[in-house]
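Below is one structure; the comments refer to it alone.
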Amino acid sequence: MSPEERLASLGIELPEAPAPLGSYVAAVTSGNLVFLSGMLPLSMGKLARTGKLGDSLTVEEGAGLARLAAINALAVLKAETGSLEKVKRCVRVCGYIASTPEFTQQPAVLNGASDLIAEVFGEIGRHARAAVGVSVLPLDSPVEVEFVFEVETD
Amino acid sequence: MSPEERLASLGIELPEAPAPLGSYVAAVTSGNLVFLSGMLPLSMGKLARTGKLGDSLTVEEGAGLARLAAINALAVLKAETGSLEKVKRCVRVCGYIASTPEFTQQPAVLNGASDLIAEVFGEIGRHARAAVGVSVLPLDSPVEVEFVFEVETD
Amino acid sequence: MSPEERLASLGIELPEAPAPLGSYVAAVTSGNLVFLSGMLPLSMGKLARTGKLGDSLTVEEGAGLARLAAINALAVLKAETGSLEKVKRCVRVCGYIASTPEFTQQPAVLNGASDLIAEVFGEIGRHARAAVGVSVLPLDSPVEVEFVFEVETD
């Protein structure tokens, strides 16, 4: 199955690639690496939730939001490359998790993104990763996730 | 206009490339990517301000400091490459914004850096970007900004 | 001396490459860059310490933990490349330091990692770097360090 077919089999329809929040772009390709801007858990162009882990959100809710950020990332990646079949590897994922000072389950939250990438891309979806707890994120988003993908170049 | 001419037309004179604060260097070139160390808003080799957004600094002051960090970045980049005309693309900008837990306008702060890069480089200055709120930064700096540039190799 | 010989002369025996905490891998090679996952200060597969800088840990203890994270990174890098002699450059180090809002000596903490890399690799160990204070890290780890290395490709 192609990544697009796997998305369909998961019942996921990619949204429109989200618009940047400032004077930048959603993706830059340099050589065969695609760097994505920090992705937020947007739904219909709006944050699905606000708040912090350890406070108003459970780990499961956080993981769902990380998954949503990853879906937005795939929408941007497809807009940048034309097709997810161009992906040769998911290289790096960095997840910033808005956390109270006592919340330490950032990896379980970020798994929401990592697991989706693995479901869609299989073996080439396995990536290097950092999960970090931060005090606050843009628009009070609970999560923000950066991605670097390696793609085929023409 | 060359990037150096655009800087001059903006009335910006690049400072000396700032010295690192520890056992590392300000820039590393690998292939045609230049990775810069986290840039602080230094003026005459000292932090222009300390403190956090949401507390002692306004969004406008924060954006000015992000712009100053970007000016320091261009000084480092020029020292590394010899000329800003070598730049083919600004690839990635990651802005860490020291924030109180309630401050959520990190993108507006980081625009100070992004806008300067766009003014100096035009279309090739458009970059992927992440803006993150963090609890505290080195020397109590309000902002720290990482950059990756793609450059011509000889 | 080879990097492995320098490690031996420092009395450092590389541990087993630490297992990832989630659905990802410890290292990904893309072209001649190796991206490592965020490294924690693991000893015998467990965190050597928990807590935050500015609270329960001194700067010296934090630097020791950053050094330990770097030792784990070298174990992962060796497992990925086969030999540390494949390393052509340490490109980027990003240190996330769990900090109270008043603690501002993140660079001194991260020097524990940077200094080890310099001791093991000499001139090619000099890297671009960012040190950031964050509110909390996975498992309450005091430090987490990301690395990018450039390596020889066959």
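Note that the chains take the letters A, B and C in the order they are written out, and that residue 1 is the start of every chain.
Methods note: a contact is a pair of C-beta atoms (placed from the backbone, for glycine too) under 8 Å apart; a residue touches a chain by one contact, two chains touch by 3 or more.
Keep in mind that what you see is a predicted model, and the values were worked out from it rather than measured.
Superposing the C-alpha atoms of chain B onto those of chain C requires a rotation of 120 degrees, given to the nearest 5. Residues touching across the chain A and chain B pair largely diverge in numbering: under half of the numbers involved belong to both copies. With centres set at the average Cα position, the gap from chain A to chain B is 24 Å. Contact of a single residue of chain A with at least two other chains is seen at positions 31, 94, 134-135. Looking at the complex, you find that chain A touches chain C at residues 31-33, 89-94, 99-108, 110-111, 114-115, 118, 126-135, 148, 150.
Against chain B, in their complex, chain A makes its touches with residues 20-28, 30-31, 35-38, 52, 94, 96, 98, 134-140, 144, 146.
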